[in-house]
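Attaching a single structure in structure tokens format; questions to follow.
Per-chain numbering from 1; labels A, B and C assigned in written order.
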Amino acid sequence: MTDRTLLSKMKDTAGGRRSDRIAKTVFLSAALLSASFVFLIAGIVLIRGALPFLTDNDGLGSVDLLRFLTADVWLVGATFASNLYGVGYLILSTLFIAFLSLSVSFPIGVLTALFIAKVAPKPLAKVLRTVVETLASIPSIVFGLFGAGVILKLVYDFSMSIGYQSKGGNSILATALVLALMTIPTITSISEVAIRSVDKALEHGSLALGASKTQTHFKVVLAAAKSGIFTSAILGIGRALGEATAVSLVAGGRRSGVSFDLLDTTATLTTMMLEGLKETTGLDYDIRFSVGLVLLVVILITNLTLNAIKRKVGSVHVKA
Amino acid sequence: MKRDENVEGAFRIDGLNLHYGATHALKDVSVEIARNRVTALIGPSGCGKSTFLRTLNRMNDLIPNCRVEGSVYYRENDIYAPGTDVIDLRRRIGMVFQKPNPFPMSVFDNVAYGPRCQGIKDKKTLEDIVMRALRDAALYDEVKDRLRESALSLSGGQQQRLCIARAIAMSPDVILMDEPTSALDPIATAKIEELIVGLRKDYTIVIVTHNMQQAARISDFTAFFLSGELVEYDATDTIFSHPSNPKTEGYITGRFG
Amino acid sequence: MSRRSARKVRDFILNAVTYLSSTVSLAALIAILAFVFGKGSSLLNFDLVVENFESQGFVADFHAGFETCDCVAGIDLPEGSYYSEKWGIALSDSTDLLGKTVVEVDYVHPDSPFAYLHDKGVGTEPIPLRADYDVIRIAFDSYATALSRYGAEAMIASLDANDSIREIEFETKGGGIRGSILTTLVLIGLTLLFALPIGVGAAIYLNEYAAVGRFSKLLRSFIETLTGVPSIIYGLMGLAVFVPLTVKLTGATGGNLLSGAMTLAVILLPVIIRTTEESLKVVPDDFRSASLALGASKTQTTFQVVLPSALPGIMTGVLLAIGRIVGESAALVFAIGTTIKDDVSLTGKSTSLAVHIWAMMTDEPANVELSATIAIIIVVIVVFLNIMIKLITNRYIRKRLGVGA
């Protein structure tokens, strides 16, 4: 009998010994508990988030769902005296900023991964890999601090030099830059794995045809690693959509209106959730759960869409 | 070195020595490869025949710790001389590998890859090149409706012929083949052997094979390698009917290898 | 051939762009470290770590029958310090940990009457004036009050011109991060206390007990989904579930360290489960069969043979978890709150180091220097943890290869 069969027999007869049975139950409960949290979170956000739409909110009247999702202003009226909350513009801003930051971090991240995996000499690659890992482990609050201390100033100076008065540097540009810095390590590390797992035979085939190393890298290697690279982008976007404290320190807390102007202040679903946390009751407090619910839905839809695109892209061939 | 016919040489290898780190993989090999003929390289596993093949298009450069001494003359120039344009060399000398390695692209893009890398952009030109290459590789009829489909959807034998077409699209003078049929079934093998014989009139072909019957079937000249040394090189008929070297005879008759 | 040179140009541009992109990560890391260390190192000193955040204010006067001392200074006084021999006290102009300009006490002679003040407000307890305290004002009988606004030199001059004072108002130092450091340590301990048993237990079930099949795959996928949830959502959950729970169970009145630790524990579960499972997988089955063949029960095998072998991997998970706890901000903002406190209790609010930064940066005005100082501490901790993880995995891998080979 091989060890595996012995072990599987053991797994079955574990019920025989009392201590084993107790242990198994304990461990099973731990596993079930761990698995249940995802439902707990979903349930809480769903229920608490739906309440403002379904109840009277202490006389303020229920919040209109459609208006909530499409409105251009965070709150019409005074706090605690109005139920006219809206996140429409926040949804657009959040998505816009996330994809904007991806447009910066994706090329940089993928090229850095290519560099580390294929171009750089071994010692340099090791150093750079450590640099990327270190960057990945820096907490988001420190990125936010860096953004507030350095990037805001840079954006402000830049805007002054082109004759535009920005609000202390708080802007879409600053937010996108901070998010880009935070997501580059994610994209780089996952893309690097994908690039390194490309079959060497493909590279040799390309070189044997008289292509240069660079042509091989860009036309064959990156194309073959497409799937993994796309996954890194999906994870990067996920991080950008959910980032809260770092973004709130550079965004500017815009209370209404979508803007695509890079130097305008902005706000995201997460920054709105952080504001006004001084209150402990009332609609102004409960509404944060609704915003959280919207955030989860946005993230879910984005993930599903990008995954669907990824499957399509995987089957379509890339032009050489 | 004996030659039955008076054919011009495509390659002249002179005193070639190759080391992988401490291993002396090729020992003082000197031979001439005939133009527009099929030359087979045979010998037991690890004898250096694939290594020798790769010296002809400098693909050994990709292996770390590889040291080459001696000369390989192609068109009057030593391809190991410093300053040689290796990329240009590999355009003139194509290679087909043991396991088919089509790129994850369409059939058309695979064949058009090489020309595109050279800078050819005109759609009509590319189409002409691809058609011609696919026809010459005896693949066109089977894929003409599937040009835009992924190359990975082809069968093993078709993929290998695609790789041959890919190499032909560069209009090389020489095609090097490293055991091109060892991963294929007998029917696909037969098709490719037929293809190789047909290509002979336009290309110089050097093929590594561990299958002696294959060498006997399709090659004009045969080189027998043993432990990194070129033991005997002659016309295929001669090698297989009355070899001069007892070691060659031992291998051919199956006493070893 | 122009095609060849066109290709060479294209290759060169692509290569240049590749090299350039790779420098971005390096430049970013250097910039962040330079900023954090540059801005924050000026405030980095031992006082910061041990001082309270809140400064305490006192109004005091001398006890009856005091005497001015005519004391010569017992130590060498620093530059810019003004000393009154009459009173035995040295003052200078300085800035406090929050950046305000204050008049700071540099030295109090042991015979100085300022060493024996009485708290005017609360009774007859003596409060000595100590070095590092900030003097706000000194009031005299029939003489102009010396305000800190006028500076240390003026204050010393006023003192020298008088023989007695009516009262002195002063403050202990504030702006320290002792409370936040303590909070962070408590959070690490509590969170691991909650998360390790559950996480390791779940991993043991999945790897040692569960049959490979749809059920365990399903469990694993539910646990993996947790990793994609943004931490602010965990904060919401903490707010909605753990805060009321702890309020009910203990005497807490709102967010507290317990609810914070519970929230963090949920965030860390996937990490701990994943690393533990990885390290359990690596333990050779031979160990298990040998133990079972000796007649040990499965439980004994798990605890006495498998877990000890998997310990390095679990350690890695713990280190990763600690790094995440130290850096977590959004979830704790909701699950605990943003009140910076000096007295840290399990059922009270306080801030971890990361939340302390958040609280200061969202204050008016934002205190970037002190935030940067705290960031130095955080970055050093995180880098240190990373190095430890690398060391453990390297030694572990080397040991494993030795075992496997």
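Quick notes on this one:
The rule is short, and it goes like this: a residue touches a chain if its C-beta (ideal position, glycine included) is under 8 Å from a C-beta of that chain, and two chains touch if they have at least 3 such contacts.
What you are looking at is a predicted structure, and each value in this text was computed from that prediction instead of being measured.
Of all chains, B has its CA centroid at the greatest distance from the CA centroid of chain A.
Core chain by CA centroid proximity to the global CA centroid: A. Pairwise, the chains sharing the most contacting C-beta pairs are A-C. The geometric centre of chain B is 66 Å away from that of chain C, both derived from CA atoms. Rounded to whole angstrom, the centroid-to-centroid distance between chain A and chain C, based on C-alpha atoms, equals 25 Å. Centre-to-centre separation of chain A and chain B, using mean CA positions: 50 Å.
Residue positions 212, 215 of chain A are each in touch with at least two other chains.
Chain B has residues 88, 117-118 in contact with two or more other chains. Residue positions of chain C touching 2 or more other chains: 7.
Contact residues of chain C toward chain B in the complex are 3-4, 6-7.
Note for the complex: chain C touches chain A at residues 7, 10-11, 14-15, 17-19, 21-22, 24-26, 28-29, 31-32, 35-36, 39, 197-202, 204-206, 208-211, 218-219, 222-223, 225-226, 228-234, 236-237, 240-241, 254, 266, 269, 273, 285-286, 288-289, 292-293, 297-300, 302, 323, 326-330, 333-334, 337-338, 354, 357-358, 361-362, 366, 368, 371-372, 375, 378-379, 382-383, 385-386.
Interface residues of chain A, counted against chain C in their complex, comprise 3-4, 6-8, 10-11, 14, 17, 19-20, 22-24, 26-41, 44-45, 48, 107-109, 111-112, 114-116, 119-120, 128, 131-135, 137-146, 148-150, 181, 184-185, 188, 212, 214-215, 218, 238, 241-245, 248-249, 270, 273-274, 277, 280, 288-289, 292, 295-296, 299, 303.
Listing the residues of chain B that touch chain A in their complex gives 57, 59, 62, 87-92, 94-95, 97, 99, 101, 103-106, 109-110, 112-114, 116-118, 148, 150-151, 163, 166-167, 170. Those residues of chain B that touch chain C in the complex are listed here as 88, 117-120.
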